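Please find the structures below.
What follows is subunit A paired twice: with subunit B in the first complex and subunit C in the second.
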Partner chain A sequence: MNFIEVESFFFLPTAVILYWLLPRSRLAQNLFLLLVSLLFYACWDVRYLSLLLLGACLDFAIIRFMAAQTDDQPRSPSRRKVLVLSLAFSLEALAYFKYEGFFANSLNALLSNLGLTTQLPVLKLVLPLGISFYTLQRMGYVIDVYWRRIVPTQSFLDFLLFACFFPQITAGPISRGGELLVQLEKPRLLTPGTLADGAVAFLLGFALKAWAAELIGTNWVDPVFAASHQFGRLAHVAAACGYGLQVFGDFAGYSLMAIGVAHLFGITLPMNFNFPFLSKSLTEFWRRWHITLNRWLFDYIFTPLSTSRGWWRGRLDLALLLTFAASGLWHGAMWTFVVWGLFHGLGMVLHRNWDERYRALCRRDRKYVRLRQSNIYALAAWAVTMAFFMTSLIPFRASSLAVAGAFVRDLAISPGPDRVHVSFECLASAGFIVLYHCFDLPKLRRFRDRFFAMPAPIRGIAYGLLIVWLALKVPASAGTFIYQQF
Partner chain B sequence: MKSSSYRSLAVVVLFACMTVVSIDLVLAHIVPVLHRREVQEGVRDLERSDPETLVIGSSHARTFHVLGAELAARTNAQRTLVAVPLEFGKLRSYAWMLDHRIAPLVDDEGPKGQLKRANLKRLLILTEWWDSCPGPDWNLPSRVWTFSNFLGSLANTGLTSYNRNYLQSRWKRLFWDSALAQDRGTKELFNTARDRLLHRTTVTPEAIQHTTEVWQHSIEAGTECIGDTEQMAGLRHLLDFGRTHQLETTVILFPRKPGTMTEKAKATTLTAFRNLVAELIAPYHARLVDLTWSTPLTDQDFMADFDHVSIEGNVKFARWALDGPLSFLTQAPQAEFSQVSP
Partner chain C sequence: MDEQTVKRVVTEWLDDNYHFGDAATLIGGDEDKSFLQSGILDSLGFVKLILHIEQTFSVEIDRKNIVPANFDSLQRIAAYVCSLPGARLSP
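The block that comes next holds the complex of A and B.
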């Protein structure tokens, strides 16, 4: 089931109305939400529900076991053993369903290059919906309990709902126990703000994903990546930049929809995108883009590595490279994603070193401080960051490294005519994403605030016009959903 | 965000709804919503009546709804006909529709065990070469399925782009008179409304020529795909139904727009399909009426989609057909058709 598709028109209003008709008790609300979540997941494929539930049950048993250990040492052997058991199950499931084909194919290619005829069997498995997201969410919670950063929940129902909560199970945001579980431990109350915020986030997310991302992808991105040798340089640049806008619209839009749906049930999910195209450095970009994933990667991979007592301690550059390689691999079981991750890891290393050097310059001469605070510096930093990100998307979008290479080659030699499909609608959809960011700039934010402060009838008419526009312009089916495949 | 009270929220929702409904009404005024006869209407008419003739076919069967009205007028309602048009239908999907939606009504019995539709004596199977080419039955969920079919599919496969078609069509049915809802998936409303307001046409002679050539090529290329085993099995199933229910069965090859048929297409695809059908129905002693290029319909009698007969064309066709090749419909059914053995 997908929020963008027609089923959500039947499913969501029914679920929301029934939910708020229930008694305002934690038990009733959570039981209902759990049933709805299981139904939501079963509508995709009922067979994989068992994997989701099995992992959740195992992790609940493990956190309860950890809670029962009353010794002072969080790293006691018994606690460590069950932690390893939990992580092994989660990672094994992820590796089996997501990476089996990737590793088998890579090994087969290696064996073939070595002249060996032995080939590993490659299983063609269906990737369980949302496995990359719900696995990280549960792993994060178990690790937090292990380190005693959080008091483990006593309620099996609450934990099951935390592991299966339907708005976020498909594509995040990846929540933490301290964010989501604490809300599930008390009854939710209906307020007009809850419904209004949820509906506005849902509508905005729908516009970003179903209209803007879809249109940009169809017109600017897909044709060029499908046959890059037929297009000129301008079309290649438009495709790379367009893909950046498309990925943002697609994923930030869906995240907003998920946040909006959760709001309709009185639950607040963490923000996943914070206007990333306003970033003036790669470090800032990764604090604004897919926030919940990067927070997870930094908290559970980068920080433990760089602050450990062993060889990794202080080796920040290597830890960054490894973290972003993991990020690439998380996005997909293909070498293109690994290259994309390493590219960003390298970018982060460069930026970190540049930043350190620049700070040293600033300490020596104050003119460098003034330069850094100037608009010119900000503009150059923004341009470099955006150019880096858009370039990195070439392997991210390409179906193979060969296709990515061909795209870069064709970008350089410009083999075809510069045909870019420019229509009012395409420009409007790209402009919509740009405007969405602009309204978060300090100077323009007041316009956004002014809109929300307008009289209710005017806001109603504006929403009505947006709904009409979307009804006219959004295709009946969602088409692509880039992050669902991860 | 300013959303401090239920009153404010209600006003926002009210004005949003008013805006949507107002624009929808204006758009429906500029581009009126066309309600086409679908399987649902055909099955409903069959449920409510006891016709003498049942017509099964693709969207072209809508033409026979007009013919049915003409037939009833000519015979003082002595001869009645119900047409069940399955949009985008092919022979295999007609068979599915027959089994799941029509046969239960045909075989429906009253409290004393008598058939409720004992008057049914004729079956007209409307087809053309395209119906015998392989292809997915995307139209079944959207046009033929009931809720139980949807639930069964959901339990088997989960929600897929295939069974989602059922929900799409239910959603459209919910907003039957809404121009915005009926336009979903086609995205034509905006451009059509704009063109009508500006009094401009996008149909140029070049566009007409291009579409004609596409159709001509498509029909000529049809020789590669006609006679698909599964589709022909669908036709056999329809004929079996006619035989077991002792119905006078006629297979009608529906007329095509004259300009879309080249001499090559007539000599290859269209003749080959006619021969295939003739060969297949021979053991059933069913009647074959080939109207592919033998009607007085001209290019002007077809709609802009090059496929369907226009409203005026339907009337012209109905009058001509009942005077000519389909005049048997005005007479009582022949007894020998119900006594033919395999």
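The block that comes next holds the complex of A and C.
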């Protein structure tokens, strides 16, 4: 089950009503949320519940063991051993379920190229739902306890709920202990804003995901990626840009729905997207897109590497390449994702070096500072950033490197007519995502703020109209979402 | 090591590397202003700032302390660096 499926429209309201009828105690609320979370996960596949619970139990035992070590050295051998045990379990589960086929297929292809007939068996395993998300969340918590950045929780129930909390388990946001666990350690109170804010976030997320992303995907993206040789250049550009809008609508929409659902239970999850299409550099883009994953990668890979005492110290470019290669591999067990990650790593390296050189110019002459602050520079930087991101989505969307190569070739030679399906609904769904961003521009933000300051009945009418629109227009196929596969 | 020295060194570094004379204006007298939220520094800049602080004040910053609570504003950096034993301006 996910939040777009029909079942969730019965499941969620029932869970919310029962939750707020419970006594306002941490124990009752957390126990109920844990049962709901386990039920939610079991509805997808009850077999993998054991994997989720086993990992959570092991990590709880490990953090309690670390807490019991009272010596001054956070990196004592015993603490280090249990950290390795925790990371090994998490990474092995991820490697086995997510990457076994990728590694086996890659090795088989290599053996075959070398003329060897030996082939490794490829297990066709079902990917446990949310494994990439909940694994990183738990790993981050255990590492923070190891580094003594946080005091580990004493409550098994709270930790289990932190590891299994159903709104975020499918596709994040990936929370830190200091964000989610601290909220679970005290009872939640029902305030007037709790339900209203949660419902609005859910509704907005649903519109982005189930309407806008779905329409753009089926009309502009899927046909061109399925048979790129039948389309012209304009259709290819529309497909690449459309996919950027689609993947934003899909994932930012689902993240907003998760944030909204958590809010209905009085819990605030971290923001996952912050108007990424307003970014004027790749560095800024990655601070605005899938925020919780990127801060995880920077907190636990990039920063420790580049500030270490060893060989990696100060090697920012290499650390960036490695971090983004890891990001690519995290997104999917395919070479297309690795290429996508390296492409972004390379982009970050180029941007960083450009920035260094430009700053050297700024030091010499302030006219470069003024140029950098000008609208022309901002517009050019925005255009380059968007073009880079949209181009990077070609391997991200393609089913194989060969398909990505064919797409690029057909984009260059334009083999077919420039057929782009243009309908009012398609334009409206793309316009919806564009407007969503525009209302965060400094000059337009006041309109958004004015809307939220309107009396509740007026806003209620607007939301009602949106619900009617969505009920009429959401395609029946809108049942899955892109990031679920990761 | 006093906090004013640390603040001066960090502001100079921001000026030399990121804001070219505008760092003090951007901070605007609010020494608690979040570097990340106000765009004064990004994540790459943080790493470079940490490396610079280690070099300039002859200190080693433990990984557990590389958190926004210690580095996200002028005041926090100054308080944190001054709390490090043996922190001194490198010759």
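One rule holds for everything that comes next: the second predicted complex is superposed on the first by the 483 of 486 C-alpha atoms of A that agree within 3 Å, B and C clash if a C-alpha of one lies under 4 Å from a C-alpha of the other, contacts with A are read in each partner's own complex, and residues count from 1 in each chain.
Following the convention adopted for this analysis, a residue touches a chain if its C-beta (ideal position, glycine included) is under 8 Å from a C-beta of that chain, and two chains touch if they have at least 3 such contacts.
The model shown is predicted, which means the values in this text are computed figures rather than measured ones.
Applying the document's definition of touch, where does A:R445 land relative to subunit B and subunit C: first, second, both, or neither?
After superposing on A, A:R445 lies clear of both subunit B and subunit C.
Quick one: subunit B or subunit C, who's touching more of subunit A?
Tallying touched residues of subunit A, the top partner is B.
Name the contact category of A:R459: first (subunit B only), second (subunit C only), both, or neither.
It touches subunit B, and subunit C stays clear.
Output check: A:C362 vs subunit B and subunit C. Expected answer is one of first, second, both, neither. What do you get?
second
Have a look at where A:T307 lands relative to subunit B and subunit C in the superposition and call it first, second, both or neither.
In the superposition, A:T307 contacts subunit C only.
Considering only the touch criterion stated at the top, classify A:K81 as touching first (subunit B), second (subunit C), both, or neither.
Neither partner.
Does the superposition put A:H421 against subunit B (first), subunit C (second), both, or neither?
Neither partner.
Looking at A:F298, would you say it contacts subunit B, subunit C, both, or neither? Reply first, second, both or neither.
In the superposed model, A:F298 contacts subunit C only, not subunit B.
Hey, which residues of subunit C end up touching subunit A in the complex?
Interface residues on subunit C, with respect to subunit A: 16-18, 20-22, 42-44, 46-48, 50-51, 60-61, 63-64, 66-67.
Considering only the defined contacts, which subunit A positions touch subunit B in the complex?
Counting only subunit A, the residues touching subunit B are 1, 5-7, 9-10, 42-46, 192-193, 195-197, 200, 452-454, 456-461, 463-465, 467-468, 471-473, 475-477.
Of all residues in subunit B, which touch subunit A in the complex?
Against subunit A, subunit B makes touches at 1-6, 8-9, 11-20, 23-24, 154-155, 158-159, 161, 164, 167-168, 170-171, 180-181, 183-185, 187, 189-190.
Can you list the residues on subunit A that touch subunit C in the complex?
Interface residues on the subunit A side: 74, 147-149, 283-284, 287, 295, 298, 302-304, 306-307, 309, 313-314, 316, 320, 352, 359, 362-363, 366, 369.
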